[in-house]
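What follows is chain A paired twice: with chain B in the first complex and chain C in the second.
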Partner chain A sequence: MFKIIARMWQVNWALQWQYRANLLMYVLYGLVSPVVFLSVWRSVAAAQGQVAGLTVNDFTVYYLALLIIENLTGEISIWVLAYKVQDGTLSGELLLPVHPVLTNTLMNNLANKALTFVVLLPVWGLLYLLFRPDFSSITAASLLLTIPAVLLGFLINFLLGAMITCASFWTTQVYSLSEFLFGFQLLLGGIFVPLTLLPAVAQKIAFVLPFHLFLYFPVQLVLGRLTPEQILWNFALQGLWLLLTALGFRWIWSAGLKRYSAVGA
Partner chain B sequence: MSRSDDPILVDRLSKTYKVPEREGGFGAALRGFFRRKYNDVRAVQEVSFQIGTGEIVGFLGPNGAGKTTTLKMLAGLLHPTAGTARVLGCIPWERRAGFLRSITLVMGQRNRLAWDIPAVDSFLLYQAVYRLSDADYTSTLKELDELLELGPLMRKPVRNLSLGERMKCELAAALLHRPKVLFLDEPTIGLDISSQARIRAFLKEYNRRTGATILLTSHYMADVTALCERIIIIHHGRLKYDGGLTELSRRIAPFKIIGVDLIDNAEADLSVYGTLVNGGEGGKRQVQVRADQVAQITAAMLANLPVLDLTVEDPPIEVVIERAFQE
Partner chain C sequence: MHALKLILAFLKINIQQVLAYRADAALSLVMNLIWLGWELISLQIIFNNTSSLSGWSMGDLLALLGVWRLANFLMSSLIWPNTNRFNQAVRTGSFDYDLLQPVSSQFLVTFSRITIWRMWELLIASLLIVVGVGMAGRTVTAGGLLTFLALVLSGMMVLYSLWIVLIAFTFWFVKFDNNVTILQALMDAGRYPANIYPPWLRFVITFIIPIAVATTVPLQGLRGDLAVGQTVGFVGVGVVCLFLSSRVWKAGVRRYSSASS
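Let's turn to the complex of A and B:
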């Protein structure tokens, strides 16, 4: 299995480089919303002294950490898989004795992530120099704990994305479904605003749904802002959502394959 | 002839597609949005056949007959609506790893190879995916290289290859794991005559060396006559014929074509001997006669006409197949 993963990585890494100009555009586009929210919240906090207890520095470290976490746990299955279902090119991958999504699509995601960092890191460095934020709340322990949180968060997000992508076995309108899901991430994941600033009801909803598990939770974890109870609870929630998304994906994938008509291919 | 351990067993296999259908125009589009009409397309209907180890069988039928759908079901890509099939003892659409490691499906236009990188990179990926040892991989690739003359083609990005070159690399990618059963859908489509001939020769040699079972579709009769002793014909999703090629010819078209050259191109009414046919080589005039009257008619021609040259041929296979489709 290791050899398969390694070779898949080589192929996908090589393929990602073919589209580096395209990728640069996507990365820059992806930077827009966090950077805009960062600037907005910074000015609001600066004008009022603080917002619900959060200072200018709190917002800055939050959004700068979010930029990294968002890329670590982000996923692009819909862009690399849905069209294959729709135009039948998935057939070629279905003939192979390995799971197309759990090998190729996964490696595609990881290769994309790695290359995105090549563009993201210099931009992040510039932002750091510009705002000079105080990251002193990050400790070795918080960094170590963030590793499994990011890993689990990515897997949940990946399986969610793969499930949405599987809708393309039934409909061609799968991209709007994915946009809809992204709306939830924006609002309930903690991109638009740190979740503690949401109304109480919205917070209750946000903290049971999976979106904060791959955005807000790892960000707060690395910044050392969570109590041991909160950390434990969120890891448990990650375990639960991983199980749910894994079962959901397995079901929708096999149901989708029964519908697959391999058009054109 | 048929045995239960044959590599391909197909039993009343059927596939019905639900296809949305509407008239053209804006009004119809609007109506279709609210109430979509579906049409059942019965692509394959109760098709049964068996293929023995090492056989090369031609799977023929006009466009839309259900050939590709059948191949996709046998390769595990599609779930049938009814009926069953076993390939190497496995139910194809369960897509077990062991099954997928023993078969291959080559679809004329479609690529197993990643477009932007050299084929050899994809080959290395397949080596891992199919768990081939370095020794097996190297020897198979060497053999494929020799048979298909891949050479430097393997090291160019696939998108820079011509159609024929790409097809050769596709075939190599599809055969690296030495599959026991090959499903080939139009393996020579779009290729020039010499590439077609080379791929045909390759398939024959592969079959001889490995004893692989091959089921192939093609619109080129040259593929069929060169490779297949047995053919299966389907039309409108139903099986029409399953048997030998020569037998089909005898049954469907029990006639021969007599071609004659007359001295100094003398004028003569050949229609008294049989049905006139167009298209003789080198200006030769042709008549179609019943197979059992050939001796009698050639004798009459030789006695009554200033014959320079006379040939007796089987009807072209295209004609036979076309008649079979129409029946």
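Let's turn to the complex of A and C:
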């Protein structure tokens, strides 16, 4: 099994290198929204001293940490899998004695992540110099705790993305579906604004849904802004959502395969 | 007159194409409305926490959103569909046929695809502008309105010119098929007034990828924040950009050597 995974990694790593110029574009693309939102809140916080208790520096460290976390927990399954369902190239992968999503698609995600991370670092460094944030609230403990949170968060996001992609067994409109979900991530995951600034009702909804588990939660965790109870609660919630998404993916994948008939068959 | 006839012919073809994909069109209409909802909610959240964003009120930002959607309409109805067609034509070599037509290649590349059903986005954009200006309680003079229209037009001209230059780069760097992504990415920055950004970012969206010229500037004109000289200057920049971009395009076409040759 390990040999298979290692080989899949090699293949996907090489594949990703083909598109290195495009990757740079996507990294820059991903930077714009957080920097725009950061600018909005910085300008509000600067004008009135603070927003709901958050200072200019609080917003800056939040969005700069978010850029890294977003990269670490992000996933691109829909772009590497949905077209295979639609044009039938999935058939070849189904003949392999391993699960195509849990090996090939997963490795493709990881290879993409590794390479975009390398591209992101210098750009992030530049932003660091431009914004001069004060990251003194990060401790060794908060960094260590963030590692499992990021790992679990990525798995939840990956399984969610894989589930959405499986909808392509039924419809050709999966991209709109994923765009729809992305809107939720922006608002309820903590990309547009740190969740504590949302109206009370929206906060309640956001803290139950899985989106904050791979965005807001790891960011707050690494910045050392959560109480031990909150940390425990969110880890428990991550466990629960991991279970739910794993079961959901298992079900939708097998149901989808029964529906699947490659183009031309 | 001849150009108008051609555009009408393109429109007809495009309508026929859309009719083949009705569900797609309906769905993207729904998605667009959902994004409008998202934009309104995010403005509401901002103004729950403050009463003014660097001197811009909620009404001002609504109007700005309307102007931004005008620019975005240019992107979605003309620039994106034609970019896709152009990139494919250069990759496969079918761009040769465009060059053989007895009409300017830039004209063909600009108007071959028009996503006409997106017209309704113009309606939403205008509505946002009217409601926003009303909410902000500003009196609009005839001069202000004229300035606004002139600045919207020149802003569009600047964006369009930039697009022509970006896709003309494909003639020099064939693999550059991500040419418009950078423009689309920075579009998001146009939703908010340029003066909230740190100086370096303001510089980028004003001079390098001048989104602000098509969004913040026209609204400043409408509010009467700009002197006459500035307005004339911006319109002049639009015309100069248009001229320069067509020069770049022509130089690019001369470099073009078709696929496989």
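Assume the second predicted complex is superposed on the first by the 263 of 265 C-alpha atoms of A that agree within 3 Å, B and C clash if a C-alpha of one lies under 4 Å from a C-alpha of the other, contacts with A are read in each partner's own complex, and residues count from 1 in each chain.
The rule is short, and it goes like this: a residue touches a chain if its C-beta (ideal position, glycine included) is under 8 Å from a C-beta of that chain, and two chains touch if they have at least 3 such contacts.
Here the structure is a predicted model, which means the values were calculated and not measured.
Peer 1: Which partner does A:Tyr62 reach: the first (chain B), the second (chain C), both, or neither?
Peer 2: A:Tyr62 contacts neither chain B nor chain C.
Peer 1: After the superposition on A, what does A:Leu257 contact: first (chain B), second (chain C), both or neither?
Peer 2: first
Peer 1: Tell me which partner touches more residues of chain A in the superposed arrangement, chain B or chain C.
Peer 2: Higher number of touched chain A residues: C.
Peer 1: Just chain B (first), just chain C (second), both, or neither: which does A:Pro97 touch?
Peer 2: first
Peer 1: For A:Trp241 in the superposed arrangement: first (chain B), second (chain C), both or neither?
Peer 2: Neither: A:Trp241 stays clear of chain B and chain C.
Peer 1: Touch test for A:Phe217: chain B only (first), chain C only (second), both, or neither?
Peer 2: A:Phe217 sits against neither chain B nor chain C.
Peer 1: With the two structures laid over each other on chain A, which partner does A:Phe169 touch: chain B (first), chain C (second), both, or neither?
Peer 2: Neither: A:Phe169 stays clear of chain B and chain C.
Peer 1: Is A:Ala47 in contact with chain B, with chain C, with both, or with neither (first, second, both, neither)?
Peer 2: Only chain C is touched by A:Ala47; chain B is not.
Peer 1: Which partner does A:Ser39 contact after superposing on A: first (chain B), second (chain C), both, neither?
Peer 2: second
Peer 1: Would you sort A:Gln18 into first (chain B), second (chain C), both or neither based on which partner it touches?
Peer 2: So A:Gln18 only meets chain B here.
Peer 1: Residue numbers of chain C touching chain A in their complex, please.
Peer 2: 23-24, 27-28, 31, 34-35, 38, 41-42, 45-46, 48-50, 52-54, 175-176, 178, 181-182, 184-186, 188-189, 191-192, 196-198, 200-201
Peer 1: For chain A, which residues are in contact with chain B within the complex?
Peer 2: 3-4, 6-8, 10-11, 14-15, 18, 88-89, 91-92, 94-98, 103, 257-258, 260-262, 265
Peer 1: Under the stated contact criterion, what part of chain B meets chain A in this complex?
Peer 2: 17, 72, 75-79, 95, 97-98, 100-101, 103-105, 107, 110-112, 114, 116-117, 121-122, 124-130
Peer 1: Can you tell me which positions in chain A touch chain C when the two form their complex?
Peer 2: 21-22, 25-26, 28-29, 32-33, 35-36, 39-40, 42-44, 47-48, 51-52, 130-131, 173, 176, 179-180, 183, 186-187, 192-193, 197-199
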